[in-house]
Amino acid sequence: MSHNSFGHLFRVTTFGESHGPALGCIVDGCPPNIPLTADEIQAFLDKRRPGQSRFTTQRQEPDQVKILSGVFEDDRTGGPVTTGAPIMLMIENVDQRSKDYAEIRDKFRPGHADLTYQAKYGVRDYRGGGRSSARETAARVAAGAVARKIIPGVTIRGALVQMGPHKIDRTNWDWGQVDHNPFFTPDAKAAKFFEDYLDGVRKSGSSIGAVIEVTASGVPSGWGAPLYGKLDQDLASAMMSINAVKGVEIGAGFASAELSGEDNADEIRMRRGKPEFLSNNAGGILGGISTGQDVVVRFAVKPTSSILTPKRSISAQGEDVDVMTKGRHDPCVGIRAVPVGEAMMAIVLADHFLRHRGQVG
Amino acid sequence: MSHNSFGHLFRVTTFGESHGPALGCIVDGCPPNIPLTADEIQAFLDKRRPGQSRFTTQRQEPDQVKILSGVFEDDRTGGPVTTGAPIMLMIENVDQRSKDYAEIRDKFRPGHADLTYQAKYGVRDYRGGGRSSARETAARVAAGAVARKIIPGVTIRGALVQMGPHKIDRTNWDWGQVDHNPFFTPDAKAAKFFEDYLDGVRKSGSSIGAVIEVTASGVPSGWGAPLYGKLDQDLASAMMSINAVKGVEIGAGFASAELSGEDNADEIRMRRGKPEFLSNNAGGILGGISTGQDVVVRFAVKPTSSILTPKRSISAQGEDVDVMTKGRHDPCVGIRAVPVGEAMMAIVLADHFLRHRGQVG
Amino acid sequence: MSHNSFGHLFRVTTFGESHGPALGCIVDGCPPNIPLTADEIQAFLDKRRPGQSRFTTQRQEPDQVKILSGVFEDDRTGGPVTTGAPIMLMIENVDQRSKDYAEIRDKFRPGHADLTYQAKYGVRDYRGGGRSSARETAARVAAGAVARKIIPGVTIRGALVQMGPHKIDRTNWDWGQVDHNPFFTPDAKAAKFFEDYLDGVRKSGSSIGAVIEVTASGVPSGWGAPLYGKLDQDLASAMMSINAVKGVEIGAGFASAELSGEDNADEIRMRRGKPEFLSNNAGGILGGISTGQDVVVRFAVKPTSSILTPKRSISAQGEDVDVMTKGRHDPCVGIRAVPVGEAMMAIVLADHFLRHRGQVG
Amino acid sequence: MSHNSFGHLFRVTTFGESHGPALGCIVDGCPPNIPLTADEIQAFLDKRRPGQSRFTTQRQEPDQVKILSGVFEDDRTGGPVTTGAPIMLMIENVDQRSKDYAEIRDKFRPGHADLTYQAKYGVRDYRGGGRSSARETAARVAAGAVARKIIPGVTIRGALVQMGPHKIDRTNWDWGQVDHNPFFTPDAKAAKFFEDYLDGVRKSGSSIGAVIEVTASGVPSGWGAPLYGKLDQDLASAMMSINAVKGVEIGAGFASAELSGEDNADEIRMRRGKPEFLSNNAGGILGGISTGQDVVVRFAVKPTSSILTPKRSISAQGEDVDVMTKGRHDPCVGIRAVPVGEAMMAIVLADHFLRHRGQVG
C-alpha cells in the first residue's frame, strides 16, 4: 500500500505536519557501503529552503536534517556509510507561528485541501495545512539526496521553463544559469523578466502558476518495466504526487498529439558503435523502458491558492463565507518545486535501477 | 511490486502477448456478491475491439472473454455473483498472422519498444510487438468492466477531444454523440471533419495523435489519500501506463500554469445544504482527495509509430537500416484509447473506494 | 496487498476453484533468458498429482500445465526461454464430479473452511471446497518449478518425517529413498511401516496428520533481510499459507526453547578458507539472513477433516446437523504437501535471491 | 516490499539501531478520530522495558515514546485524536555504553547476526547488535499499542508457557497472575519455580529458551483472507519476524500432526442462536479466516546467544577465535517477547480488520 510511501526497492515513507514538532522520512532499501553525510543531504535542502529570496515564503526554517539511523563508520575510511538498514531523516520544525492559522480553522480555503481532508477524515490539523502543506516536500528532497548517491552516473537537473503565460526562450538555455537566479530558470533573459513580473504578482497579493522541466542524463537503456511499472508511469505518479501539480508530460508530451507518425518518430543511427537517436520526442522512454537518451519530464504547478483577494467559500459549519489567506506564502510555488521535482526523479530512477538489477542482474 | 499489476485492494495483474495463445488478467480483491456475467464484460470489450471501422486496425479479433474463476451461483437468484476469490478473465487470440512480422525480427522500429525490450531483456517476442502490443489493453477493459460494478453510483465516460492539431468545439459537447461516430467524440461536427481528415491520414500510410478526456460523475467527496496515494497521482499513473500515452493532466491541467490564484480558485457556495463548486479547475481533486465534483482527466496519445514511410533505424546486429511497417495498424490509436482510459478510471476509483472504506469505514 | 499473491520480485498470483474450468497462476518478475518448457514444470506437477497410489485421493486429474505467455524462442537455440514478461500457467480441471458435493452445500464441514468463507463473503463455491481446496496447490507447484530455474545452484528437497505419532528414524535418512515410496519419506523402514499404518487409517475412513521437512542446500550466505523481510519469516509465511498447515519451525525450532545458550550456539571454524558451522540449530538462518548452511524448515499438517465418521456441526440455516464427508479424499494430506513445501521453499528463495541482487548487487 | 515494514492497510515501518540516537516507527493507515496519547503507548512500553527485574538485561532505558505526527486536537473534546496521517513514534536511546562492544567488532558471535549482516552488507553497526538488536522490538510494542485502539472489542493477552524444558501446568492458568510475576506466566506455581531456575541460569552466565502463547478474544468470524493473506499465515510471519523466534504454531499446532481426523475436528453446535465450537484445535482459524473463537498462537524463542562461556567462532579476518559475550543481556529473552508477541498479534488483527472492511464492507 502506498498512502505515505513511494517506491518499491528504494522506498520512501514520509511523516509530519507543517506545524508539528518535526517532519521527515524513512528511506528503506538503500544499498550498503554508500558514503553519506548529513551535509550532502543538507546541500539539497538548502536549495529548497524557504525564505531565501523575496519570491518565496518568509517562513524561516533552517531545515536542518539529522540522520537518526542506517549509517555507520566504514571499516577502512572511518567515514559514515550506509549499512543497508533503514535511514531515518528528521527535520525539526522551528518557525511555526500557529496563531496565523487560527482564523482558518473553521473555513475551507478554496483550492486547498481543507475541505477534502475534513470530508475524508472528519478531523484535520489545520495549522498551516497540516499534512497537506508543501513543507512535506522537504522530506522528498532529503530522500532524493540519498537516491542520487545510488545512481552516481546519472545527472539530474531541473529548471523552471514557464511562469504564468511566459515561456522561456529555449534557445537561451544554459544550465549554468539555473543556480544564479531565484527562479531556477536556465534563460538569463527570462530571469530578468520574471523578477519584475513576479514582484508585481507578489505585491498585489496574488499568485501564479509555472511549468518545471526535469532532465536525467546518463540513464542507461533498460531501466523501467512493462506494463504497470513503466518508467514514465512512475515519473507521472511521482510528479503528480507533489503538491499543486496538475499535469505531467514526457518528452514531446501533449504536443505529440498534434504530430504525425513521421514527425514523431525518433530516428536512430549507429554512431561510434552505439545507437544514437536523432531526436527525443520520446523523452528517453519507449514502452516504459529507458532508451539511453535523456529522460525528460515536465509538470505544471498551479498558482498557490493562498491569496489576499477574498474568495467565496463555506465554513465547517456549512455557512457561506469569504476567505482570504494572510499567512506567509509563495507567490509562485512552482519555483520551489524545481528541487522537489529533481528529488522525485532521483527517487524513481534509484528505485528502477535496483528493480532492474533485481530482475535482470 | 508492480511490474504487471495495478491497484492495491482492487488489484489487476495482466498477462499475454499479441501473438501468444491468449491474454487476460486476474482481478483480485473484488467484493463478494456482485452479479457478474461474461456478457457484461463483453459489452465493454466490443467497444474497444479492433476492426469495427476503417479507422482502426483490420486485425479480426472477436475478443471473446471467459470467466475462469471467482464467480458462483447466488443462493437466491441462482445467477452468477462474485465470491471474493480472484477473477480470472481470459481472451484467446485468434487472428495472429505471425508471418507479417518476420521482417521486423531483426530491425528496431522507431517509436516502438523493440529496442528497449531487447536492451533490457536480451530477448523479445517480436511478433506484433509481443507484450508491448496494444492488445494488452483488452485485459484492462475487461478488468475495468468488473471495477465499474463495484462503484455503481459512479458514471464514467470518455471522449476524444482532439485529433492531431484539431480540437473539438466544447460548446458542441453532447455525450449522446460519443457512441454514434467511430471516433468516440462528443462533437458531431468534429466527427464529420475527422472522417475526412483521418481518411487522408490513413490513405497516406501515416498516423496522427489525439487527446482523450475521461470524466467520472458521482464520486463522493473523500476518496484518495495523501501523500503518495493521491487520487490524481494514481490516475496519472494509470493513464501513463497505457501504451503511447505521453501526457496526463487533471482539471485545468497545464493551463493552470498560466492562471493567477484568483482565476484558478474554485469558489464554493452552499446549495440545498451541500457544498457546490462554482468551477472545476481542480478536476474534482484537492490535496489528492475527491471533492465531490466530476473527476476529470485528459491524456495525450502519440501517433502510432507504425507507418508506411521508411524511417532510419538500426538492426539488432548494429547496422543502419531503414524500417517501414507493413502490418495492420490504427491510423489514430487514440480512438481505441477511449474505452481503455475509461477502464483505467474505473480501476483507480474502485481501488480507492475500497481503500477509503478500509481506513475510514 | 497479498490476498492471492505471494512474493515480491518473484511474485506468484494464483486463481481457480476445485471444480471450476481451470486453475493456475501468473508468475511475474522472472528473469529473462531462462530456458523453460511445460515438460519441466510437468515433472513437478506429476509428483503432486492425485491418484498415484491408494494413499491419495482417487480424483483423476492429469494436471496438464500450459504456458500461455512469457516464453519465446531463443535467438540462438530456438528453444523456449523466459522473456521477462509475466508467465501464465494454466491447468484445466477434468474430473470435477460436482454431484458428490450437492449434500454439503448447506452444511458446514467441521475443520473445513465452509463456515468461515460463508461468514466472510456471504457466498461460497461449495463444490469440492471451491477456492479453499488443496487443488490450488497445483498452481504453487507449477510456480515453484519456475522458481527453481532461477536458482540453479540450490538443491531443494522435501521429505515426510512424521505420520501421526510415528517419527522416522533420522539415522536411516537416505534422500535416495524419497522417490521410491508413496510417502516421500527418506527412511525405507518407516515407509514399510507407514504402508500398513495408513492402510488402516484409510480403511476406517479416518485420516491422520504429518510433519514435513524441506531442506535447501547451496544457498549462499546473505539472502534474506532484516527485519520484516527475514528469510525465516517468509518461509513461515509460505508454509503456513499451505492448506492444513498448523505449525512451522526453522532448524531446531520448538526444541530450541528447551536448550541452553551453550547447547544452542552453532560454533564456527575456518575450513579450507571458508567458515564452517559445527552444527545447524539455526536452520541456516541468523538474523533473518542465510548463513550458507542448509536452510531447514519443518511444518505440521493436520489430518484431513474429510472423514467418514459423522461429526456434529451446523447448517447454513443455523440448525444442528451431523456431517460426514463422502467425497474422494486423502487419508494423509501431508503426503502431497511434500512437493508443495518444496515449491514454496523455491519461491521464497527465488524471491530473496532477486531481492538481494536488487539491493546489494 | 517489506524489508522494514509490516502490514498492508495498517502498516508499520521501523528504524533504528541499538546504539544509535533513536529508534521508532511510522504507523501508516490508522483510521482517524481515535483518541491516542503517548501515555497509552507508554504503558505497553513499560511492560517490555528492560531492567525491571534481575531476570532481564540491566541496560537502563526509559523507553520514553514521543508522538511526532499524526495526532491533533479533537474538535469537541480538545484531546488528541488520530488524523489519518502517518503517526511517527520516536524513542531516544539513552544508555548506550558503546565501549562494551568494542571487542566484538571483529568477532562474529555464534548465534548472532554478526556474520550474516557482514556477509550480506559488507558493513555492520556492531554496537549492541545494531539493527539486529532486540531493542527494535520497542518500536513493535509502540505500534501494537496503536493497533489495539483500532480493534477495541478484541482482548489480546500473552503468557510464557514454557521455560527451558519446563512447561507450565495449564490447569493452573490464571490470566490475573500474568502481571504479578517477572515472567508473564499465568501459573503462579510455575512462577515460583522459574524464579529459582532462572537465577541458576543467570548466575552461571548461561541462558535458556522459552515458549510464548498469545491469545486474542473477541475476534469476529470473517477476518483473514485466502490464500496468501491468511490470518494464520500473517501471524506466522509476524511472530517469526521477532528476534530469536524459531517456531510458530496455531491452535493444536505441531500436536495436530499426531491427531486423527476425528480427534482434530472442532465440532459445532448452535448455542443461543450462534455457532459454538466444542473445542479449538483450529486456534480460531479455518481456511485462513477467523472462526469467532479465540485466536491462539504459540512461538518458540531460542536462548540468548550472549553467554559467558567461550564458544568457537571466527573473526572478520577469517581466523579461528573464541568468543564470550560480556555485555548486559537477558538470561531468558523469551520473557520480554511476551509483550512483543502481543503487539504483533494486535498489528496483524488491526491490519486484517481494515482489509476485511475494505473488501467486504
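Which chain is which? They are A, B, C and D, in the order written, and residues in each are numbered from 1.
Convention: a contact is a pair of C-beta atoms (placed from the backbone, for glycine too) under 8 Å apart; a residue touches a chain by one contact, two chains touch by 3 or more.
Keep in mind the model is a prediction, meaning the values are calculated, not measured.
The chains that touch chain A as well as chain D are B, C.
Annotation: C-D is the more contact-rich of the chain pairs C-D and B-C, by number of C-beta pairs in contact. Chain geometry summary: the mean Cα position of chain B and that of chain D are 45 Å apart.
Chain centres here are Cα means. That of chain C falls 27 Å from that of chain D. Here the spacing of chain B and chain C, counted between their Cα centres, is 38 Å. Within chain D, contacts with two or more other chains are made by residues 1, 3-5, 8-9, 14, 29, 32, 84-85, 120-121, 131, 226, 355, 359-360. Within the complex formed with chain D, the residues of chain B that make contact are 1, 8-9, 29-32, 84-85, 226, 354-355, 357-361. Across the complex, chain B is touched by residues 1, 3-5, 8-9, 11, 13-17, 20-24, 26, 28-29, 32-33, 66, 68-70, 72, 74-75, 81, 83-88, 120-125, 130-131 of chain C.
Contacts from chain D toward chain C in the complex involve residues 1-6, 8, 14, 108, 110-113, 115-117, 119-121, 131-132, 136, 162, 164-165, 201, 206-211, 221-230, 232-237, 239-241, 243, 246-262, 264-270, 273, 275, 278, 281-283, 285-292, 300-307, 309, 311-314, 318-320, 334, 355-356, 359-360.
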